[in-house]
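Let me begin by presenting the structure, written as structure tokens, before commenting on it.
By letter and in written order, the chains are A, B, C and D; residue numbering begins at 1 in each of them.
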Amino acid sequence: MTTPPAVGARIWAIAEGYLPTWSRGPEPEMASHETACMLNTSASDAHVRITIYFSDRDPIGPFRVTVPAQRTLHLRFDDLRDPATIPRGVDFASLIESDRPIVVQHTRLDSRQEANALLTTIGYAQ
Amino acid sequence: MTTPPAVGARIWAIAEGYLPTWSRGPEPEMASHETACMLNTSASDAHVRITIYFSDRDPIGPFRVTVPAQRTLHLRFDDLRDPATIPRGVDFASLIESDRPIVVQHTRLDSRQEANALLTTIGYAQ
Amino acid sequence: MTTPPAVGARIWAIAEGYLPTWSRGPEPEMASHETACMLNTSASDAHVRITIYFSDRDPIGPFRVTVPAQRTLHLRFDDLRDPATIPRGVDFASLIESDRPIVVQHTRLDSRQEANALLTTIGYAQ
Amino acid sequence: MTTPPAVGARIWAIAEGYLPTWSRGPEPEMASHETACMLNTSASDAHVRITIYFSDRDPIGPFRVTVPAQRTLHLRFDDLRDPATIPRGVDFASLIESDRPIVVQHTRLDSRQEANALLTTIGYAQ
């Protein structure tokens, strides 16, 4: 197959973020999670810096991840460990900067009640 | 860490808004709410004016909030008090104007039935 | 208050549409519905033409609605009657053309099962 | 009626994709599904190539579909068969390339628990 074009933008923002403090679904698939889905269609790895913003304290970061060439990375925010972890039960937002064009979509599975709730939206690209 | 760039737009619109008249989840985390999530990555405070539109009456506002530099504000519409409160059970829409670039995402948690429902979308940026 | 600027675009598309064939919530608030939320912040009425597309038959329309100056209209697709009604249980999509800039957001409440499900997204603006 | 303008873009990306491994709703309407809703308002058929990306293996495709002139196609990803099927329980993302402008919206119905969950977002257009 022919190589698809590099698609996306280098700066993305997600204004909404929240890690619930509990969940009820069977682990691990149905546990509550908050995810940044990143797609890199280019032929080169994308090196990504993530900064997390809060309402009442200084931002933390940068967290560094790589989205390999022609791969997608569905990154769970609660998997971030370095340089810090994101506290639960607290509003946050995120800024995602990449050295290659990528596409970013934000998704949450919330399993705090009997049934799941899902939300998703495309990020803000600049 | 280096300061991230100012990201976003100065004018945002959310065409959908609704404050349910009742909810069933445990208070306050699971009570129904409608939120405008705003992110200000810039090094200066963002001064924001919000105007609320209805289907059958004149708009109300401006409501004024500040999103501090390098902070996020997840504003619940039912917390707005000045110059008015938003009636429940009524369709509305909102216009958000800022003197600095910000990013706006709209989220609702609806807990009127046994399980939560969630929705979110990026606002319309101009 | 000062008059806010006219915000939005004149052409919008929503690629997803579906009217469920049944619902379980208490009428009318919790009945399943599919809505195009339109916001007109301008000082003049917006005259809107809606065309509905299907997978297996010719499009129908135009449906004509007015979004008054400085008002929002949350239009339920199952309220459209002229020149036709939209069949239930069938995939559709919609094109929304306005003579003034407006903002369009698509929302569905699905109450076919014990709990509601909600979805929303900003439309595609051109 | 007059012919509406061709609306949309030729390159779309959806960074989030997931086919659940089980579902509980009545078949076929309430079975879990993941859909790319495509709208072609133009007067000519749109020939579409879809490439699917994964986190840990090479992309597959192109899958080829046609969205006829003035029609919408709500394509279920689990209906794709040629040149491969998309595995269940695995994160994926998709790139959608068309020779005509189209509009793409991503929707999932998740019926793994007692109540449905829905998500949708406009794709990323380039």
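Keep this in mind: a residue touches a chain if its C-beta (ideal position, glycine included) is under 8 Å from a C-beta of that chain, and two chains touch if they have at least 3 such contacts.
These numbers come from a predicted model, not from an experiment.
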Same or different residue numbers at the chain A/chain B copy interface, by half rule: different
Rotation angle superposing chain B onto its copy chain C by C-alpha atoms, nearest 5 degrees: 90
Mean-CA-position distance for chain D and chain C (Å): 21
Whole-Å separation of chain centres (CA-atom averages), chain B against chain D: 30
Overlap residues in chain C, where contacts from two or more other chains coincide: 114-122
Contacting residues of chain A [partner chain D, same complex]: 1, 4-5, 7-8, 25, 29-30, 35, 37-39, 41, 70-74, 103-105, 107, 109, 111, 114-122, 125
Chain D contact footprint on chain C (complex, rising order): 11, 13-17, 51, 53-56, 58-59, 61-62, 89, 91-93, 95, 97, 106, 108, 110, 112-124, 126
